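Some structures to go through are shown next.
Consider the two complexes below, in which subunit A is the common component and subunit B and subunit C are the respective partners.
Moving on, here comes the complex of A and B:
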């Protein structure tokens, strides 16, 4: 593959020089993230000034005023969840694209949403579970199960998981699971009512209990994901080369896949399906920092929450005093980006 | 995809006669299978009108449908109650089967059915929007679905167009568009009142029992035009399977034929979805099942359409009569289709034909 070899020479030739520019770039992005996070805390149907935010954060016990309650119990957890979930989805997408060498690999396209939805409905109808805080664990299990199933199906055969096979396997498993979900929902109003709110993808209404529930998984997953840079660089040169460099390719794949499943599963369980972000952000990161996965991973991890929080704030501002769920905003923004990747992206170059 | 058996160089002598023999055998099998399918579909069609809480003999059903005899009570049940559903299952099945196999052959992928590549989702979004925001019903919803499907198909064709449309790009764009539309459907459902959300969900499952007489007339009329067109387009479809260059030397204009075939397939599936809602998997499995029956003479659009009709008639019989509570047809096709699909994925992938 000529593209990869070109990448390889570029990495080795200019790697050192690029790294000196890439470090400050990442720091700058972190500053941007901080600014966006601040926007996310202050903006909304009730605008909160800087001084008030600082005062509320300064004495962490809510003093009972509406402003401090909104800040501490709604905005701050929401923003933190946005940062964690965004980082998780971005880095999961980047790892998945690297490990499958497939520019269209994305947890969302690979059945993760329908898998989560099926178990949410199962929990509500059969076990009588209610409330996001409880069925989140079923969503988690379903998401991971579907992701593994889709990847397993797509990797059958000699050429492994090609873009079209992955996409079709994802679409097909989704279609199957959706019809099961629909069959149940048709006969159970409670399940429909829970499902239709879970499945739009939103940061709203998912407050402290959910944040504390998924945060450990997300943090561990994020920390683990940063260790994959070097092996993904090896894989980018082709499986045989990676083996020649002394890598255990199967073990790398399995480990990377486990990390992706935890990250994307927990993120989807907490917020519902948030589409396209894991697909598009790694491409933007690759544009900014080149093909070195040791940089792509942290860049994706910072870029994705910036995009997610911006979309969330946008959804709150555009439709105020109502709000547009972040999943919808990102869907509308992400679809054109997806089409552009398919049309103009050089699909073999991941 | 099956191996292409068309000769590329002119055969001579015994090879030619063997080839002619082979071709004759294939044609004979194709005609035989098609006739058998016609008989089976006709039998199922009559049978669905015989069963129910009020059982009627086959002779009486036929006599009543063809207006041969007048028997008010039988006529009421047959013509008034059961014929519309049976006719809807028949025509929707024909349309889904034909369009599914056109997509699969054209995009050269056994999994590329219109269910997955955005057309059905486009119809779904338009219809659900109509139900929830405009509180529409009946023919208006069908009109929305038809428009949504056609617009989605057109948008995908334009988005995938770049010096021609390749199957690869069309499938990927289609899947992206489907995800996009599905997200918006979820959003509209979350905005709806619970009653309308249920109604929309019901529509989204797909059922042959919801067709109105006007919709049926429209679908029957369209099929009378489109099925012959599809059969005429079979020749360029075969040529395209050999690749664009070969198709050109065979006197086919690849881009034009592809556009024509896609348009036919899209309109067929759009009409089917407009009448019955998105019934999953029928378009996907009709073609492969027909191919299995046809043996070496694979790829017939007419046999695939007939298999689609048979599948849908059976699925509706199961949905209405065999289950404890009558469910929409789409639940049955989904539950049966999903395992079949996984098997299909596993086997085609092992042969390396999955994409």
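Moving on, here comes the complex of A and C:
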């Protein structure tokens, strides 16, 4: 907490009081996340009594009953995946917005989704791969590849990867990859079917091997991401000021992009493109805790899975015995939320 | 729009050419009467022509049906590669123009060049459209309907009715449906039905569900919109009717994986498009709840030859396989 008080004394009195409340606020959000995670395990498209869920949770070895299987083998992995993926997308969005100083930056804009999609299609058409458990690794590679490409293109020229050049390179790479994907998908039914499944962001049907597959990447990425608070604060003052403060801006950007590539790449590979989380949550975090990235990052990391899990539970409950993909629910919820944030006029404060 | 002008011009020209060339070309093609021709399609719509159509473009399964009666189309459009399309297995496609090998994509310019005088595609009552002109098909592809009258038999209540409908269509187009090799397929089919009825009669309590497991959910087919399942029901097989089919796409009820065990049949008819001998084991490893369907766990699964059946011969072959599965099934698995 010493960092907090140091920060508080350096800012105005108004900010000072607020900063001291940020620690307890984060703790409260963690409690909310725990509650939402509990909801995600207890509520679903199959109605299972609370006592049965608790009994299943208490007896961690699945006893083979359907309630135990659904609870332990479907809902618990799904909830854990939701927490990790949500946290990854939230914090990746916050880092990207900070590092590019672009309030509209999110993983999708930087080519992550289109890069993942193009390699999914490649795996299906050329290599004959089928099933999300196999092509998830192609999606991961594609996401990272696209982000590296965007960054490399934006770095061309004397002044390096400036925010404007990053946005332009992201848009160009995305447009190119999308047209390649569309071209292949138009002539290949298998690719179309697989992509149709993967392209709607979802936590459903992502069985345990997928969770265990991506979890190490996500955990390492999440841990690494928390170290960027100070340098992002420096960058927020402007590149020249950051340089004046002794920062190596290029190195910061490169490192930040590497972390975002791992986080958003693994999340997108596992669940498909999940919209709005990476875009909206950092803005909400900024509303709650002000411009200090040392707080925005952990707030985003906890807020995002709350939103993701709530949307997922909603999609499961409203459509039972079927269920709606979380990507669809978020699309419906996310747009008005974003409009509300824009109307509050906080976008320009990145 | 501009791109379509040449095509429409060719189409218009083809109508003229067809009219001019009628006396010359019909003599070597078919012995059918030259007089006015008409046929009532599955939609209830009557299509008419001044003379019997001879230059036919047909969807894959419908083409196979016509070919089984000796009517060879000039062009075929398929939903997948003609090499893998089950409808076209063992058929000689030489001399037939392939106009499409993907659902929803038909090369209409090529089709126009064939100067067709009839387009044949099944009528889908749930979607109120012919094959190749359904919702979701490329807008360009739908222009096929402007080249010639469109007709087809309904994918309504029965595959038998479908096969009979194409028999009628073939007959109206001049086919001799009483040729020995054609009659032999029909007889084989009738024997297969008799054997199937006998098998189901010995297992009155056996229940089956037509299912298709997929990555995000499990689909249960709705017999109401599956003519082959209605046929099987009418021959005594208890195919389950799902309680709440998807309102927008009533061919299936969608179950989340949490609800995979909602139905407990004794035997699973597995969508033939995804069935392989090892697929049941693979799904048990992928989805923890798949084996909560007791029949799946017991390995009581058999390929289900869905929508593609169009001929007595194909139906006889598939029915014989199902008869074996029914004979081998244990009617107490799902209890």
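Here is the rule we use: the second predicted complex is superposed on the first by the 296 of 350 C-alpha atoms of A that agree within 3 Å, B and C clash if a C-alpha of one lies under 4 Å from a C-alpha of the other, contacts with A are read in each partner's own complex, and residues count from 1 in each chain.
Here, a contact is a pair of C-beta atoms (placed from the backbone, for glycine too) under 8 Å apart; a residue touches a chain by one contact, two chains touch by 3 or more.
The structure presented is a predicted model; accordingly, all values stated were derived computationally and were not measured.
Asker: On the superposed three-chain arrangement, identify whether subunit B or subunit C touches more subunit A residues.
Answerer: When the residues of subunit A touched by each partner are counted, B comes out ahead.
Asker: With the two structures laid over each other on chain A, which partner does A:197 touch: subunit B (first), subunit C (second), both, or neither?
Answerer: Both partners, subunit B and subunit C.
Asker: Check whether A:187 is in contact with subunit B, with subunit C, with both or with neither, and answer first, second, both or neither.
Answerer: Both partners, subunit B and subunit C.
Asker: By the touch definition at the top of the document, which applies to A:234: first (subunit B), second (subunit C), both, or neither?
Answerer: neither
Asker: For A:133, using the defined touch cut-off, is the partner it touches subunit B, subunit C, both, or neither? Pick first, second, both or neither.
Answerer: In the superposition, A:133 contacts subunit C only.
Asker: Touch test for A:325: subunit B only (first), subunit C only (second), both, or neither?
Answerer: Both subunit B and subunit C are touched by A:325.
Asker: Let me test your reading of the model: by the given contact rule, A:278 touches which partner, first (subunit B), second (subunit C), both or neither?
Answerer: neither
Asker: Touching A:73 in the superposition: subunit B (first), subunit C (second), both, neither?
Answerer: second
Asker: With both complexes superposed on chain A, which partner does A:154 reach: first (subunit B), second (subunit C), both or neither?
Answerer: A:154 sits against subunit B, while subunit C stays out of touch.
Asker: One more residue to check, A:93. First (subunit B), second (subunit C), both or neither?
Answerer: A:93 contacts neither subunit B nor subunit C.
Asker: Please identify the positions on subunit A that touch both subunit B and subunit C, taking each partner from its own complex.
Answerer: Touching subunit B in the first complex and subunit C in the second, residues 186-187, 189, 197, 325 of subunit A appear in both lists.
Asker: Hey, which residues of subunit A end up touching subunit B in the complex?
Answerer: Subunit A reaches subunit B through residues 104, 108-109, 153-154, 156-159, 162-165, 167-173, 175-180, 182-183, 185-187, 189, 192-193, 196-197, 199-201, 273, 275-276, 325, 327-328, 331-332, 334-335, 338-339, 342-343.
Asker: For a test of understanding, state which residues of subunit B touch subunit A in their complex under the given definition.
Answerer: So the residues of subunit B in touch with subunit A come to 109, 111-112, 115-116, 159-160, 162, 168-169, 171-173, 175-180, 183-184, 186-187, 189-190, 192, 194, 197-198, 201-202, 204-205, 280-281, 325, 327-328, 330-331, 333-335, 337-339, 341-342, 345-346, 349-352, 354-355.
Asker: Any idea which subunit C residues touch subunit A in the complex?
Answerer: Within the complex, subunit C contacts subunit A at residues 79-80, 102-103, 105, 214-217, 244, 246, 253-259, 261-262, 286-289, 292.
Asker: Going by the contact rule set out above, which residues of subunit A touch subunit C in the complex?
Answerer: 44-46, 66, 69-70, 73-75, 131-133, 186-189, 197, 202, 204-205, 207-208, 316, 320-323, 325
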